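Two complexes, one shared chain (subunit A), two partners (subunit B, subunit C).
On to the complex of A and B.
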């Protein structure tokens, strides 16, 4: 087995930037007041959980080489549906959550079919589905804000601690378990490797005998399931849901997208990990707790995103330039900066 | 033997084995494209509204509703045409143009407009440099710019609404009033200034697209970037120009929007990126680049406005319109893709 030699250089920092940023935020937290209290940690991780579900879906579809912008509206719709069904039809919570998740699966299936069978570009298809979902949402609840009512059993359960000595809410722990489940699927199963392969080069994957249509549909379904389930649980967790969730302040979609890029998921598909997105999203959640004003949050997150993109783009530009003119120099360049980028 | 076969394989012309159906209907549909839908919508509108569709007030409201989207489309066309999909920083370009124009109202009316346009051009230059020179992913980069500039505007102006009459000095109140009035002027009492500006911008855009070298070069770049590069076209420069035109057009729309809303803030222009992209795609501009025309884009903008108008006549609320819009959008995009595939064009 080849031994990985450790070298502290730009490539190492770039590869582990999500972890390093998390450490940086944690160090900054030492100087903030009341940052390391159990209550704060529980609140921050719990409130950041919705975005983790969205980031998970976005990352999987990005790995498969497409873009899914419906995740935000899907989660809002699932939250509205869950609360509405419980209030109006008196269904038990479990059934409501399952119906919310199934709506997510349905949305993912429609997106997958639009992209693979009708050959509409994923970005365009998701814009269309966004409009449809928004319409359905408004028709369902007439623009009202739905609240949880008087039944607080599941709300207490999700807000409470699962493990007594850990300051983490049950909602966050469910999120983490789901993330690791998806990580195992992506890394160790045939479907997961196929998703990576289709994202890297769809034509090669097809020639190698992968049913690329099915794989892309599966990626969209997992994304929809994550958005639906996360949205449904978030509706119960926060106790209220309305149609304009996330249109004020910094939208959850932007946070999910930023985390994908900061985490290191390749924007052209084929490379990435949900764990990187997960760590970046926890970083962003703590960052939001650290900067009090929304204005500063937007600026800092935007600056981090732009810096990451500029670094990646310039590195790619330089690599292409060296590779094109002097192939022998490229080997030197590679030795100097390491393998990544 | 095997070598011969290999040679045969490589020299044989590549035959597209996909099934194509070239008949009169598909050809006609592909050529006329969106204008069929426009005529269809006019007929539906006449039936639904009981003949009032061509009334003076109705046409005015349609034109006013599409004016801002049309202004954005006149510039965004070039970005889509050059194969860079879309510009997600349109909302923030609009907001930035409006904010800068209102902030600089003390330079006089003309000065404010010029500063607003320059602000739009600045964002265009940033986008053009990163996408044209450094070959960043267009959608991802413009999304990032949207977030960053939004943060800058929020921090600098503390998320406040800007009102021109508050910022203007005593002797500059006239220019503030003039600034507000540009979105409410009717030329000859009939047609809104916004609609005129939109049409003029489309006309200029049409001239640039068809009569200049820039438009022709952009077509090659959009069709095949590598070919354009190796045939000696300065791709970086053309893409920069495309993005600067886009920034200028978006900033114009932003200034009109700020004047219409009587205030400027970071949230001006939210949703205009998707609206403009919808109109452009309805107009038959290919997302892969290099295919489409300004005439089609105008048709797309009109169809978009008329669809909204007809849905209002039917009596749907603002929000349930989204549902119908989304389904119609998906259907038309599918029709476009399908007819292109059947003709072997895509």
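On to the complex of A and C.
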């Protein structure tokens, strides 16, 4: 078996950029005051969990070659629904969370059908569904903010530690478990491989006998489930929700998108990993904790996104330039004809 | 080569940014420039101050005196029992209270007021069953009528004075008002000897939650929060109090339940001010006509106070005045202009008055729309008090607006925190003094604070 030589080159940096950036941020944390405290680690990872759920859904759909921009509104709707059902209908938290998650599944199903059966571009369908979700939210809560009231049982549980010696909130651990579950699906199941294949080349996938429509619908459903479940849990974790969540400051949706790109998910589909996105989002969460100014957070995250996009574009251009070429043929020819230098 | 360069550039940028950021915290007290308010500190109170109170008392329903009473924390120095360890600090606080003035020549650290809370029969859920035009529907939002038996275990005051203590202020977002507030906060902190950090989440709820966690992680001596959202505030203040840090709420009122985790609220009595403004408006409309409302950001306490405060007042005192519409277009003048233009088209002569939650950009948009439609008969009132707003009042384009001293708001917060550090019992709710600005008394509020 040929032994791979380790080379610290541009390809290596690019391949592992999310991990390297996380390490970089953590090293910078050594010089920041009160950065490595259990409270800070627990708070940063907990507060960053919602974006991880959104990034997860967005990544899967992006790998499948589409774009689900409803994740932010879906998560807000799930949060409002969960809090509203518990406050008004007095339903237990678990049931409220399940209903919130199921609403996410329904949203994903509708998105999938719009994209595959009605052949509406995912971008357009997403904008339409965003408006629908926004309207539904306004009708549901009449513009008011909903909260957990005085029932702190699940709020304390999600904010608290699941494993006493580990400075991580229960909410973050649930998020991590879900992420690894989806990673297993994507990496080791037929559905996961099909999602990659459909995203890489839909025509080839169809010729290979893959039911592309079903695969795309499944990707949207997983995305909807992540947004619904993540949003429902986040509503309880943060204690309140309102319709305009995420519309001010740094939108969680844009953070999720940035993390996908920084993580290395191909914006044209076919390549990507939820683990890359996960690591990138943790990196962004710690980056936000490092820079206390919102303006700096926006600037740095935006600059990282632009640089990654430029890199991806240049790399794709270079790949396309040599696509189909066999530069070694000339060397082989020279060798065979004895003219090699 | 290109790929390699870009990869190195990416890593380098991130490294530099992160290294830069680790050295950049919030506004550090040592670096803080002296604010305009601070520079006013040495300026003696001009004759404008007494004129303001006189003019204010002439304006309809401008004085809060009948319903307001001095807060317990506002007792004169001689009457306050200050522990020996805090006496030097307290003297410094008293000196600051006397010397610091707002740019419109009002005391910056004036004592707070408390208002009587009327009794209602039922809890918050029962009150919400009432129609939105009923005052009692909003009772728990208006009066912070919380269940004191459910109060959390608050941290004990060190009773050794405020000097050398570190306070973290978490504001709600970037705005001219916020800049004015933070400058006054810095000036007041400098004057009483406290250090500070200021975090600005830029109106983002999730960001403010993160800042609350960061502030707790810094372990300051006290945290002051201007909540982005009233409902969310409960969770934020619970976290702070659970961490054993004294929590103070400033400017925007939280949900009543949040008071269980707040040592003291300081800020304007938005509801009362907007009610007095509405009473003045209703009288000028002779009890009939149609009113439309432009709200503050949905969810925050000004959203409720500045829309439902006047609406319930008009419904009670002038039942023939009709509510035509409520819209939340935000704070862009162009958006507000469009909404008001639509109202003029839709309601025609039925639209007689507009209530605005903001006297700057919202007021500019509304006035422009009325002028464009030649409907200068429409009476516009707003919550204030900004420079643009006051100019519109002077020109007669705005019928009236509430006076909310921004610098006084910051000063009252610092005063209350300081008194708590001095071991003095502070009132749980401390309101700012209140007034209404009209064309007749507008000069009393100049030069404007923001």
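By definition in this document, the second predicted complex is superposed on the first by the 314 of 341 C-alpha atoms of A that agree within 3 Å, B and C clash if a C-alpha of one lies under 4 Å from a C-alpha of the other, contacts with A are read in each partner's own complex, and residues count from 1 in each chain.
Convention: contacts are C-beta pairs under 8 Å (C-beta built on N, C-alpha and C of every residue); 3 or more make two chains touch, one makes a residue touch a chain.
The shown structure was predicted, so the numbers you read here are calculated from the model rather than taken from an experiment.
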Subunit B versus subunit C as contact partner of A:143, first or second or both or neither: both
Partner chain in contact with A:302 - subunit B first, subunit C second, else both or neither: first
Partner chain(s) touched by A:261 [first = subunit B, second = subunit C, both, neither]: first
Which superposed partner A:21 touches (first subunit B, second subunit C, both, neither): second
Which superposed partner A:239 touches (first subunit B, second subunit C, both, neither): second
Which superposed partner A:10 touches (first subunit B, second subunit C, both, neither): second
Touched partner set for A:289, first subunit B, second subunit C, both or neither: second
Touching partner for A:129 - first (subunit B), second (subunit C), both, neither: first
Subunit B or subunit C, by number of subunit A residues touched: C
Partner chain in contact with A:311 - subunit B first, subunit C second, else both or neither: second
Set of subunit A residues, in rising order, touched by both subunit B and subunit C: 143, 250, 294-296, 299-300, 303, 310, 314
Residues of subunit A defined as touching subunit C within the complex: 9-11, 13-14, 17, 20-21, 24-25, 28-29, 31-34, 37, 39-40, 43-44, 47, 50, 143-150, 152, 155, 238-240, 242-246, 248-250, 252, 287-296, 299-300, 303-304, 307-308, 310-311, 314-315, 318
Subunit A - residues contacting subunit B, complex: 67, 114, 118-121, 123-125, 127-136, 138-139, 143, 247, 250, 254, 257-258, 261, 267-268, 294-296, 298-303, 305-306, 309-310, 313-314, 316-317, 320
Residue numbers on subunit B that touch subunit A, as the complex places them: 85-86, 130, 133-137, 139-141, 143-145, 147-152, 154-155, 158-159, 270, 274, 277-278, 281, 287, 317, 319-327, 329-330, 333-334, 337-338, 341
Residues on subunit C engaged by subunit A in the complex (per definition of touch): 2-4, 6-11, 13-15, 17-19, 21-26, 150, 173, 197, 199-207, 209-211, 213-214, 216-219, 229-232, 234-235, 238, 243, 255, 257, 297-299, 328
